[in-house]
Every structure is written in C-alpha cells, then in structure tokens.
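Labels A, B, C and D are assigned to the chains in the order they are written; within every chain, residues are numbered from 1.
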Amino acid sequence: MEHRSYQSPENDLTIELTESDIDHEALTASVRDSACGAVVLFLGTVREFTQGRQTDSLAYEAYHEMAIRELQRLVAEARKSWPLKRVGIVHRLGHLELGETAIAIAVSSPHRAEAFAGTQFLMDEIKKTVPIWKQEHWSDGTTEWVHPGFPKQ
Amino acid sequence: MEHRSYQSPENDLTIELTESDIDHEALTASVRDSACGAVVLFLGTVREFTQGRQTDSLAYEAYHEMAIRELQRLVAEARKSWPLKRVGIVHRLGHLELGETAIAIAVSSPHRAEAFAGTQFLMDEIKKTVPIWKQEHWSDGTTEWVHPGFPKQ
Amino acid sequence: MASTANITVRFFAQLKDLAGTGETQLLCQQAMRVAEVKEQIAVEYPWLRPYLKSVFIARNGSYCSGETEVNAGDEIAFIPPVSGG
Amino acid sequence: MASTANITVRFFAQLKDLAGTGETQLLCQQAMRVAEVKEQIAVEYPWLRPYLKSVFIARNGSYCSGETEVNAGDEIAFIPPVSGG
C-alpha cells in the first residue's frame, strides 16, 4: 500500500518521499528542458530559530500514500494556471539536522514568471493540504508536533 | 580594470561572470544558512524556440566591470525590501548551447515569500539594467544581437 | 466476511501520540458516514475530542466530508493540521 | 598631459559591430557634458544616429544623464538595450 515515489508515464513529474539526504542537484537536472528558458528550485531548510525558540533538530512523518496522491493533485492544479513543463518534488522524512533540506521543488517552464508562480503556488499549497507533519525538537529538550490550530498541550 | 568576480567582505554576496559552465550546485551550497528556512535558485537556460524562431546557440557579451557594479547595486536595492541573507549571482558569457545555463541566482532568506520575491526582483531588474547582451544564432544561419527597442536592421 | 466488515482508522503525529496507536479498527455499520466514524472515535478516545474539530478526514487517501459514506474495508485517516515543507 | 586630455568611448554588442570598433578616443573639451559626447559620436559615426536615442550612457561604469560633466580620462560607455539573463 505504501508508495514512496511516483513517476508520471509522460516523465514530466517525479515525486519522492525519502529518509535520505535530498539530492537537489539531480532533481534540478531532471527538470531541465531545451523547450524551457527558466528553472526554479526551492529548498525548504531547517531553520535554527522560530519566533525566538531555538531548534535542535526536526522529525517529519507522512501519510505516505496519500501525500503522494495529494502532491500529484496539486501539480495538476498548478498546471491549469501555468505551463509547467517538468516538475520534481522530494520531501524528506525522519530526522533532520539544522540546515538540512526538508523539501525540494524544481520546476521548468518556457518563461520565468510562470516558473516562479508555479513553484510558489506548489509550496504554499503543500503547507496547507499535504499530510506531512513536522515535530520540533527544541534546544531545551522538549519536543512538539506542529499542528497549526490545534489546542495548546 | 576588468573584474570578473566580486565577493563582499561580509561574505554574503558573490558575483561572477564566467565563460565556463555554471556550477549552480556550488552556488546553491554557498547561500545555505541555518538562520534561513528558504533557498531559491533561478536558472535562465537557453531555450530552443522564441516566438516561433529556432535558436541554434547564443553568445553573451558584457561590459564586465560595470555589470558587476550594477549587480551589486541591484542586490543592495533588493535588500531594502527583503531580508536576503546570502545572494549569489553567476552570469555566463561567450558561446552557449541549447539547454545550457545563462544565469544562476541563488538567494537564502528566513522565510520563503521573501526568497521568492527577492530572486524574482533581481532577475527582472537584471534584464532591464545590467550591461550584458545576448546574440541569437538562429538555426537559419543568421545572427542577431538582442536590443529591445532598437531600430530593426 | 467478518474480517472485511471492519474499517481501519489511522492516526498521525500528535494524534497518534495522544491515541497511543497509529491504527485501530471499527465495526462498519450499514449506511455509515464519516461523521459517525468521527463520533465513535470521540466516544472511544474522549480525550481526543478537543482536537477533532481541527482534524480533516480522508477516506482511502482522499479528503472527504462528514457526509461521505463509509464501506467495509475502507481506510479512514484522521489528518491533524499539516506542517510539511 | 595630452594623453590624459582624452576621453575613452566604448561601444558594445550591435553598436560595436556597427561602429566597427569597441573603443574610440575623443578630445575632452572644457566643461564638456555627456550629451555633447553623444553628439560628437553621432557626427563621427552618422549611421549610428538612429540607434543613439535608445542608448543609455554610463560614465566610469555608472549610468548617468546627458547633463553629467565629463572629465579627461573618463570612460564613457554607450549601452544599447540590454538582454542578459
């Protein structure tokens, strides 16, 4: 039942959930296309401070099969608005240290405005709907799942 | 008199003009920072078709010393609007084949909206003011400098 | 057929920690809807109730409404507010 | 001092091709302004005139206006519409 990666038959979309370091160089290379004048790569990286609190490390958990399906849906939705030629999305799961890459999104498009808009849309929507969760491991030794809108523990 | 690269004393800005392949992986690595949650990399790549005409290859020429100075000015201007932590810009010069990278811009910022906005601003402004010029080598064997607004030859 | 007369309920992240399990089974009743699954879980795990109003539900991997009908063999996932990326 | 009494004019891209050179020298006159440099070039290279209204001028590597004063030893660059990136 678990699908940790997806590749579209047309070879224009790859999605991966991985517990290994994200190879964003390979991801960027995979979306390049001579029909395109623009490639945008976004990396979400583990930041040390959030509203004054210090992070020691993070852990990510996913509902794998649904996350991949939801990412496919979001890319299809993005393509209704922008001509995204190739899209690659990798989300890291498990334990991450400061500075490491939690997510990488690479998009190619004929023109740059579309590549920027499409990448930003995907990133904004991923944070709203894709069933992946972050657990903060604060520097004070406490841990906390991040669930915006949940009652405070 | 020619300066083909610039590195800020604070180590938060690198600019390079090069006739070699752009190493965007190294550029991306150079802007990463654990104070940041976002890295955006933009690649401008050589597109095969422009308004129906087929490109065989491109050549870029720069007024080197001024281009580097103008890029510094644009980054300083961007930083008035967005807290860009580290910025790296590399522009390729000389002869480029289809699909190769003409420009790479990497930006890190605490939050993603700022990284996207800053990168897009830089790219938009570079196309307006930085003294670098592109020469199309069309597939029909003709060549043409691209000067928007110039009288047609 | 008793083994397929169940639905699987899945919990994630903090909800999994609070429930003490990532997965449980419910007996599927005739013409059962998602809202009733949610209510049964609230009865079985009353300490989850304050959280459940902020939880989305997915049926077999797709978001659904409380009115969605549930069938034997379905996987009903309780999706707490997401924080990927 | 005659050698420093000149200003250097630089051409790029199509302008360089049209001028047949990337660089030329002009004798610097007293209280000379950028607009006068431009006009002298238009006289010396009359076939460039149709292009010059779309050209920006930089003095020593910074964009400047026609009113900017030019001094001996300055580098005046004729910047045709740019197309980098």
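Quick note on the criterion: contacts are C-beta pairs under 8 Å (C-beta built on N, C-alpha and C of every residue); 3 or more make two chains touch, one makes a residue touch a chain.
Because the structure is predicted, anything quoted here is derived from the model rather than measured.
Relative to the C-alpha centre of chain A, the farthest chain centre belongs to D. For this pair, chain C with chain D, the centres built from the Cα atoms lie 74 Å apart.
Note: centroid distance chain A to chain D, computed from Cα atoms, is 50 Å. With centres taken as mean Cα positions, chain C sits 50 Å from chain B.
Averaging Cα coordinates per chain places chain A and chain B 25 Å apart.
For chain B, the set of residues that touch two or more other chains comprises 44, 123.
Under the contact rule defined at the top, the touching pairs of chains are A-B, A-C, B-D. If you check the complex, the residues on chain B that touch chain D are 44, 60-63, 65-67, 69, 91, 102-103, 123, 126-135, 145-151, 153.
Listing the residues of chain B that touch chain A in their complex gives 24-25, 28, 32-49, 98-99, 108, 110, 112-113, 115-116, 119-120, 123. Chain contact summary for the complex, chain C toward chain A: residues 10, 12-14, 17, 50-51, 54, 58, 61-63, 77, 79-85.
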